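Order of writing sets the chain letters: A, B, C and D. Residues in each chain are counted from 1.
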Amino acid sequence: MGNRVAIVGAGMTKFVRRAQETGKELSYHATKMALESCDMTLDQIDAVVLGTAPDTFDGVHMKGEYLSDGAGAWGKPYMRSYVGGGTGVFSVAQGWYHIASGLIDTCIVVCEEKMSSYRPHPQGAFLTIFDHTTERPLKPNLLWIFALEMNRYMHTYGLRKEDIALVAVKNKNNALDHPCAQIAKAVTVKDILNSEVLAWPVQRLDVSPVSDGAVALVLTNESIARRVTNKPVWVEGCGWALDTTYWTNRDLCYPRYVEEAARMAYKMAGVTDPRHQIHIAEPYDPFDYKELHHMEGLMLCGKGEAPQLTVDGVTQRDGELPTCPSGGLLGVGNPIAAAGLMKVAELFWQLRGEAGKRQVARKVRRGVAQAWGDLMQVGTVVVVGI
Amino acid sequence: MALKERLTKKSEAKAWYGDMPVESLYTVGIAGEKFFRAIKDDGIFLGTKCKKCNIVYVPPKIYCERCFEKLEEYIEVADCGSLESFTCVHIGLDGKRLENPIFVGLIRLDGSSTCIIHKLGETTVEELCIGMRVCAVLKPKKEREGSINDILYFKPTKE
Amino acid sequence: MPKKKSKVKKQKSLKVTVTNPKTINSNFQFQGVGLSDDDLKKGKVLTTHWIGDTKYAWDQGVAIGKYLDGLKAGKILGVECHKCGRKMVPPRIFCEWCFKPIDNWVELLDTGTVNTFSLCYVTWDMQRVKKPLIPAVIEIDGASKGMGIMHLLSEVDPKKVHIGMKVKAVWKLEKEREGAITDILYWKPIK
Amino acid sequence: MNDRVAIIGIGATQFRSISPDVSYKELMFEAAVKAYEDVGINPRKDVDTFVTCAEDYIEGTSIFDEYVPDQLGAALKPMHTITGDGLHGIASAFLQIKTGRFDVAVVEAHCKPSNMLSPDGIEACGQDPIYNRPLKLNTHFIAGLEMNRFCYETGITFDQCAKVVIKNRKNALNNPIAGRSAKLTLDDFQYADGVSCPLTELDVAQPVDGAVVIVLASEAKAKALVKDPIWINGIGWCNGTPSLESRDWVHLDYVTKAAEMAYKMAKITDPRKDICFAEIDDRYSYKELQHMMALKLCCECGAGQCIDRGATEINSEFPVNPSGGALGMGYLYEATGLARLYSACEQLRGNAGKNQLKCAKTALVQGWRGLPTTSTVVAILSSQGGCNG
């Protein structure tokens, strides 16, 4: 059944609020670094896979085509996938099926986002994700849907903001050790609860920043992986699922699409008991409650139980299930698609023991990365292991 | 049939009007900064050269798109070159017919492997031909702002 | 144009580098030049500016067309799938779960229950406002359980809004309605 | 190597210049139901993965992905967007099935250009924002430059380009879903307004609204579900450079590379002999000739002579775009490649009516993403059922 697929190299740029580089140049830096990290050159690459989120951020129609030369796609099979915020992790699934098909031996997966181009504020680009006829006339912003979901989640399980804020504290502090982090600043629960209210229950420090940045991975089949590295990280499972568009018809308290995606990935990876077989997790954390929500969707704990795990310190770097040891989107930054791929890159470094100051305490052999997107609708999951 | 219900009256067929408000401010990038500063300040054209592929990129790139070498050496190329192709554009950005059609050329500057796209001026449709020599006409120095429009157009020269 | 280079032949004769791959040590220089807002405002780096001309007229079609006609007439219309029995809003001409066409139209009530809400102090482009907007998902009475639409609440003390609150639509005057979701001005609590 | 991949179901709406009676969701639903009925499957149970091809700016919605699953029967199932031509979606589905983990895949693409009030302004957003867009030129200028250089270097005349248009729009007269059929003569071109000279308005494929849905399956599943599946013998896709500045304006090496990839997979050594006919991209008249050259489909005397001799007419030496192509059926943005594929499948099944070719056993299908891109996909299809003349 298909060929084994390995991640053999990774690269990324710094995540910054406004980059001077063009999107092409950011993509180049990440891609070049990924290739150099495994001593490979572009002519050894068969295909290129790109992930990037809304065209309106970069302000370029057919953004995938525009970015292609920076991603190393000249004269190569090249495809861009797109599932909103879920794109970053999905792009690894796309790279996986390229190689697992047996058609492609080596491929680069590149994710880029340059949100700062959008004027007057990148959040404005999100107005147009809503239904043009039945929702946009109400002038919604992106915060609404997060706030609506967070409120429903808190209400259903009787959660306290203090407990949820612990996620932001953990991730922002973790990011202090990340050399690419946009916001390296220690915060406390008090800071978060005192920060400006944007859309209750969402406050300023519950939210990840908008960022520019790019991340790249090199994927190969098994035989090449064995030749270029003695520490391949295997893509053991991939899953994705897209729920109905009619988000106001769903109960927002639980991300069932993440569960569907996780079940698909776990089945492929042979994971039957995620709570014990997954050692490290990088769930999607654009907002602090989202990490909790997604841990539940990933079945790493029961519904409504994730906050308690956080309170108990289980998800700290030295805990039993280190979660977002990179610093996540809350700390490192959120260049949408690139942030998702950064999570897989983090697992790559963690599993190889190359995460430096971010290295988790326990021995980790298998990890899960997950991203989320669209109208609270899509889950994308990748399980990697050594 | 796929749809059970169909609209049968013209008056029932309606549309909802809207847009995608898109306003962008693009940084010109690392290579672009060098390129446009050189035009703005010195009135010269810079490119980057990939020694491996023997290609001179004008406008410059910080990487060779073919072999992915990092390109850091900037070299000056001429402000004149040959016209590789041209066209006369009759439709505007709004889709309407232009009162004054615009001549656009594909210009390979001497010393460059790639071409620049720009308008052609001081010329007529009878005069234009592929292979002719053209030179850049720049804005007066104090009016330049560091964009591709610091070049007003290219005009034919008799060399 | 540059002459095309000879066809890139795949060179799978990879070097065997079973040395320990490069780890990213603390001296590693990541790429990326961060700019401040001031750098852009004061023109320290060069930029180009663009305002896109992106206008659309989206065909409403059968389902949404009728939904908007209903709103103009002061009614909330939904559809019913006679296979799964769900009464849905906003209406659609297919049942996404049964994958079959539907066109049983049902008139729903203009009252409902707050499923979730937010108190929002910023506009869509992040301008701060003093009085919060109160977006909510409102489950519509007459539709199946959990069938909501997104809309706004008003005529209510923000502190008193709660999940489970019963609300009623406040309509525009009949002559001002245009067949739009904004024909409902907002929803207010039922006393 | 895993088993082969087949096309087992196709569905398309009529292609029309406007479609005010249906929303985009309803348009997609119609094509989807047709495709599922073609095979007799229920997407809720029988489909493992879905791919949609769309671009946000064309739809007027950011993250258009959100609005796709319901009308395809894909809700809460694996589905993703490929922002590419519909044939990129086919390539994606092909790869997924080849992994051995998916049996049935669905690819959708659609377009409602009539809903774009400012298509020129929208397409301009695809130009490089730093080097090209500040010149404020209508995107068609790129085709004007390319056509001029292409004709200059190859000796192909503007009349020969016009004959492509005459042929394709005539072919479309017999195609029941085509939206741009017409009987034209060379005289009509003398009165055509210039768009970006030498390109006239008749040289440009005009947009139409429509949706296409294709169902693919693994070999075992295909054989179990249908009598004569259409096999995808080879597929290749490739990009050149996005920069106008550094591309080759005459020889489309990226198309050649994509074709080589597909030919190699399909074990085709002499495309003109091994393939019966082609459905290729003709967004602009000269593009059909330029693509034929890059795909190595021209006779020895060259693309211009090919068209002069009528060698690409229906039932001639090597029919090209017997469906009418984009010039005759209409241009569908992301769905254009799937319209080519749909038409090729109709031929391979012997369902092309008056346009049915005598030889329709093996087909080449090619798509290009339009200006300003250099992005293409080539697929080689074959069937047992098609006649062999």
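Note that a residue touches a chain if its C-beta (ideal position, glycine included) is under 8 Å from a C-beta of that chain, and two chains touch if they have at least 3 such contacts.
From a predicted model like this one, the values you see are computed outputs, not experimental measurements.
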| item | value |
| --- | --- |
| Chain pair with more C-beta contacts, B-C versus A-C | A-C |
| Distance from the mean Cα position of chain C to that of chain A, given in whole angstrom | 21 |
| Whole-Å gap between the CA centroids of chain A and chain B | 36 |
| Mean-CA-position distance for chain D and chain A (Å) | 34 |
| Overlap residues in chain C, where contacts from two or more other chains coincide | 1-2, 33, 35, 40, 45, 48, 50, 52-62, 64-65, 68, 92-93, 96, 101, 180 |
| Multi-chain contact residues (two or more partners), chain A | 18-22, 43, 56, 59, 69, 74-75, 120, 124, 126-128, 132-133, 244, 246 |
| Residues of chain B whose C-beta touches two or more other chains | 2-3, 6-7, 13-30, 32-33, 55, 61, 65-66, 84, 93-94, 113-115, 147 |
| Chain contact graph, described as a line, ring, star, complete graph or other shape | complete |
| Touching residues (chain side chain C, partner chain A) in the complex | 8-12, 14-18, 20-26, 28, 30-37, 39-40, 45, 50, 52, 56, 58, 60, 64, 67-68, 88, 90, 92, 96, 115-126, 132, 135-137, 146-152, 163, 180-182 |
| Complex interface listing, chain D residues touching chain A | 1-2, 50, 55-58, 60-63, 65-70, 74-84, 88, 91-92, 94-96, 98-101, 122-123, 125-126, 128-130, 236-243, 253-254, 257-258, 261, 265, 369, 372-375 |
| Residues of chain D touching chain C in the complex | 19-27, 29, 33, 42-44, 57, 60, 69-71, 73, 75, 112, 114-118, 120-122, 124-125, 129-130, 133-134, 246-251, 253, 257 |
| In the complex with chain A, residue positions of chain B that touch it | 16, 18, 20-33, 61-63, 65-68, 70 |
| Chain B partner contacts - residues on chain A that touch it in the complex | 18-22, 24-25, 28, 31-32, 35, 41-43, 56, 58-59, 69-70, 72, 74-75, 117-120, 124, 127-128, 132-133, 136 |
